[in-house]
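Listed below are the structures to be examined.
In the two assemblies presented below, chain A is common to both, partnered first by chain B and then by chain C.
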Partner chain A sequence: MLMVAPALLHASLWIGLPVLAAVVLAFTKYDVLTAPQFVGLDNFRDMLDDAVFRKSIVNTVVYTFFTVPFGMLLGLLLAMALHTGLKARGIFRTAVFLPQVTATVAIALVWLWIYNPGNGLFNALLSFIGIDGPAWLSSTSWAMPSVILVGIWQGIGMKMLIYLAALQSLPRELYEAASVDGASKVRQFFSITLPLLKPATFFVLITSMISAFQSFDQIYILTDGGPANSTTMMTYEIYKSAFREFRVGYACAQSLVLFVLLMGFTLVNRRIMGGTRGHS
Partner chain B sequence: MATVDTRKPVAPSTAKPRERGGRRPVSPGRIALYITLSVISLLMVVPFVWMVITSLKSPVEIASQDAGLLPSSWQFSNYVDAFEAAPFATYARNSFIIAISHTVLNVLVASMAGYALARIRFRGSEVIFYLFIAALMIPTYTKVLPEFLIVRFMPLAGGNDILGQGGSGWLDTWWALIIPGAVTPFAVFLFRQFYLDLPVELEEAARLDGLGEFRIYARIMTPQVKPALTTVALLTFESSWNNFLWPLLVTRTDSLRVIQVGLSVFKTENGTQWHFLMAGTTLATLPMVLLFLIGQRYFVQGFATAGLK
Partner chain C sequence: MELNRRSLLAAIGAGTAAALTGCGTGTGTSAAGSADGPAEGEITLLTPIYEGAKGKKLLEGDILGGFRKKYPDVKVNVDYTTYDQLNEKITTGLAGGLLPDVLMMGVGWIPPFAAKGAIAELPEKLAETHDYEKRVLEPSRHDGKLYALPVVLDTRIVVYRKDHFAEAGIRKTPANWSELRAVAKQLTTKGRVGFDPFSINLRQCWETFLFANGGQLFSADGKKPLFTDARGVESLQFFKDLVADGSADYSRKTDTGAPSNVQTGQGSMMMTTSALWVQVKEQNPELIEQDKLGAFVLANRRPAMLQGGTLVSQSASSKHPAAARALVEWLATPESILGAAQQRGSVPGLRDLSDTPYVKENQFVDLSLKNLQHAVSEGGTAAWMEIREKIVPTLEPAIVGDQSAKDAIAELGRLAEAAIGRM
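Coming up: the complex of A and B.
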């Protein structure tokens, strides 16, 4: 059909072809300047010995593990608070959602300034209560928590919004019936709300994990993967391999690992959540 | 023009916030809730406020350890000076051109595709739909390297021969900035969902009137999905304006830099000039904040629809 043709052509050239190319290039040694050379599984073998890449996988998992569930819990609580029909709900919702529509680069720059060890806002506030704050982003023990805090802060809005939309579409009659039967609010939450929110939870979990796994902008701005690789992520290693070391084949192999991990998580989640898909 | 039932399609699954009848006395729990929400909202907004405040402080005051939180004198001239320190105006203009191009192209191309996939039965339409769904799941970082190579080796562009050798292809051109990200599978998917909800009578009547498929799409059906058009337009503009990785990879020259890349370069080169950096960041943030405040309903609908469909 003619009307799909432009979109289909575009997707074939800029999504289909790249994916195929990534799979092929993953088995080659390629520096862009000379023709790719087939090297079999060498790239994948190299990855096993690559301590920094292993570290980046661990970091990515740690970052995701802390930003996603915490963010989801906060998002759900906020959504429930806003769902109680209180006044000024719109203002609260806007405030919480604002970081979501703002560029991650801009947000990271602002936080870079807030975390500034000399006269950043964070340490200035801490010094009011007599605490001498650390150099947040250049300390191996504080850099990751600092990056995670920014991740949670930026991501809450989206999670809250999806939960809020889901809460608003729940049938009211169920709650009325439950109240008549004498079920407490807490009981209602665990027996009605939570099970009915399962599709939303599944969706939030998957999309948040996908985006957390692909965090890049904030790392680029905040820490450059440091100090001592303590905040480097898989995406950052892919970028470094390709554009700083010119090992494009190796970078493609790394990107396939990222792809397979994400697909794996999606499938496992789907299994655990009982094959729920969004309604309609 | 056919006289048919033109009732507005029901906006999918974003239920209107429901109103509670009757006012209740304010309970202590409710007050606690308000306080908690206010504190959280404050925490969400403080970084933005701090950004603007810093952009209006003098460098001396920023460097001083014991200056107050607010500037002692508001330095609006920082903005003028920042524009001289780096071509932030050019960066913003570039971002704007790219974001507008993406928005127009995405709305046009994706709505056509979404319409065809929703309303026209043709051989392979199901397969094509699933291909778009599959495309939706490809991580950016898996496709971005080969995308870069395609741009680099684009045949007959930027001094390249027919095999894509010899020159720099589309690198450092508007083509590279605009074309690869112009159409998103997500927009195709979103449009399809909206077109699916339209009543079939509408299109049957138009067909009886002898309208061609393209006219039915353009004249009859698309005016019915205006919320979808707005939603896709806003979301496309937002993600284009905020994009960082792709323009970072494909541009080298200052004159083609977008605002996000310009900011990161300014940070690397003049890292300590926080007043200028925050002025630039405010400039990069402001359009999105305004757009969000104006089109909040559509943003919310877009994200929520994406979430629940």
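Coming up: the complex of A and C.
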């Protein structure tokens, strides 16, 4: 007990207490200026009437639906490419991982320029082939795909790294046996690599999903949730409620909904994929 | 103290919030921090203006340099922020019991903070220290009491290209919306919008149109939204009409600080602030030298100019109220105001400064000062901090989407009523 006391104290203070505070405050009206008042389920009722928050849930799911699978697929392909005897693979690995360790604010500012309708990179490239590019971030049709592209690009590094580590730990003898049996590379991938990567895939899926649900920085810098709420996300609405509207109690209730959603998705995934257990 | 469910929850909520930040609970609730006694101690100033290296030099060198000479026992720490992040700074400051001693805020922010006792009431005599334009002090008041002093004003006006007008044979600026719409249509060509109302914040733009249409935001007591009537709907519908005409384009709005559409010639008229003059001087001085820019006050049922700006107030929980009060007064002296206005291209709200070379040289500031009788400000309710955040997300779908102006305004009215009801 004495040995775990420091960890227990740390977890209680920095995880337990904030979670408890968030849960308690979710049932209060609290504006930071005055003491919280118990309001029962009022915050949750308000949420049902909050069209923008509902829209943010849909946007978050759409964002996750596109960034996670595409990011995972690209991450796996890159990991496999870098797992081969490619020359200068250290440089490639670093290049792919770089967006992950660069401040999102800096990245978002670069993308802001890339998407600039007047003198941005994308529209300049499109103009070479005679296409008048759209206003990427001001158009309700293009803003979300633009944000998704940034999300995919930024998340690939971590996914690649995890897949690469998993690939490097796969037993070589299975591939040798498969080769002796005449299995093609494609067959080896689907019958050996993919099943053995299941625990890594589950881990990547869950962490990517949580990360996608918590996307904030790029929305804050790139679109401010607009145009017409087409890119607003749950975390961005939580931030607005707490820090711009001074509705801390409501923000805590929104956070609780986010938590429940994430927990639900994780449990469903666990049931479908069998968790982190290896292929039997 | 009787322990009941409410007090227990308050204690848990405030206690956990305080524990999270490692500090005490929010502000005290005293309406006015006593400023008796000598001005001394270490205080903090939170400011969303005095931007960049020039602003920092102006504040810490010139303005606070003079303050230090007069009050050698006061040390001022400056916390710079932007208007976008000012709320965060204040929220975290309040939660952590570390609210800066002196706060610079926007127009409309005083009633919400005064109503909650976060800022201190100022003595009425401060309103008479300088020769303020009459309406300039209105946003500094709550329930008739003075809570802040104005530092700079930022007005919303229409700037136009005189050369575009001349080419199209247009001899006078639009006097109402029918004329504005017709002129915008006439000036629109391939690659050029006749009117760009969208390169300023949509909230402030719509408010200017609402006021010009004879509408109001809230009732005098701040408890009822009044913008839900036909005038509010017409104001939003006007944007939709412009977009439908092709003479305004939401996707062609420019970012703050970037060359605006009237500067690049991609727009003939635009809603903007008086600060555009300084930007043009830096980026396209030839437009001023060749007298290609003009400005006018938006009008329909009445002329109206939204008056925003920055006010300075004193925290009610300052541990050094005398020092904080001294700094509030210092930041609102004519010298400090003129410096801040020059640096940002803003309007100084003192009559004493209306004949200065700065005002005479900056035509947009001069126009604003001459039309202060038409100035109207946003806010006016204790629920403003919440409502102001709802305006853009609620109105934008009507402009770029299929929602009708009537539905968007009705939705905004419902949100405003709910926010006021929670107060």
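Here are some notes:
Throughout what follows, the second predicted complex is superposed on the first by the 264 of 280 C-alpha atoms of A that agree within 3 Å, B and C clash if a C-alpha of one lies under 4 Å from a C-alpha of the other, contacts with A are read in each partner's own complex, and residues count from 1 in each chain.
Heads up, the rule we're going with is that a contact is a pair of C-beta atoms (placed from the backbone, for glycine too) under 8 Å apart; a residue touches a chain by one contact, two chains touch by 3 or more.
Quick caveat: nothing in here was measured; it's all calculated off a predicted structure.
Within the superposed three-chain arrangement, the count of touched residues of chain A is higher for B, of the candidates chain B and chain C.
When the two complexes are overlaid on their common chain A, residue A:57 makes contact with neither chain B nor chain C. In the superposition on chain A, contact is made by A:37 with chain C only, not with chain B. With both structures placed on the common chain, the touch criterion links A:144 to neither chain B nor chain C. When the shared chain is aligned, chain C comes close enough to touch A:29, but chain B does not. Shared-chain residue A:72: touches no atom of chain B or chain C. Applying the stated contact rule after C-alpha superposition, one finds that A:229 touches chain C and leaves chain B untouched. Contacts of A:243 after superposition: both chain B and chain C are touched.
In the superposition on chain A, A:205 makes contact with neither chain B nor chain C.
In the superposed pair of complexes, A:18 makes contact with chain B and with chain C alike.
Residue overlap on chain A between the chain B contacts of one complex and the chain C contacts of the other covers 17-18, 21, 25, 32, 242-243, 248. For chain A in complex with chain C, the residues that touch the partner chain are 17-18, 20-21, 24-25, 27-38, 46, 49, 51-52, 117, 134-135, 138-140, 225-229, 232, 240, 242-248.
Remark: chain A residues 1, 3-4, 6-8, 10-11, 13-19, 21-22, 25, 32, 78, 81-82, 84-86, 89, 91-92, 94-99, 101-107, 109-114, 116, 118-119, 121, 124, 153, 156-158, 161-162, 164-166, 168-169, 172, 199-200, 203-204, 207, 210, 213-214, 216-217, 220-221, 234-235, 238-239, 242-243, 248, 251-252, 255-256, 258-259, 262-263, 266, 278-280 touch chain B in the complex. Across the complex, chain C meets chain A through its residues 5-6, 9-10, 12-14, 16-17, 19-20, 25-27, 29, 87-88, 91-92, 94-95, 112-113, 116-118, 250-253, 385-386, 389, 392-394, 396-397, 399-401, 411, 418, 422. Within the complex formed with chain A, the residues of chain B that make contact are 12-20, 30, 33-34, 36-38, 40-48, 50-51, 54, 62-65, 69, 109-110, 112-113, 115-117, 120, 122, 125, 128, 131-132, 135, 137-150, 152, 179-183, 185, 188, 213-214, 217, 238, 241-242, 244-245, 249, 260, 263-264, 267, 274, 277-278, 281, 284-285, 288-289, 291-293, 296, 299-300, 303-304, 307-309.
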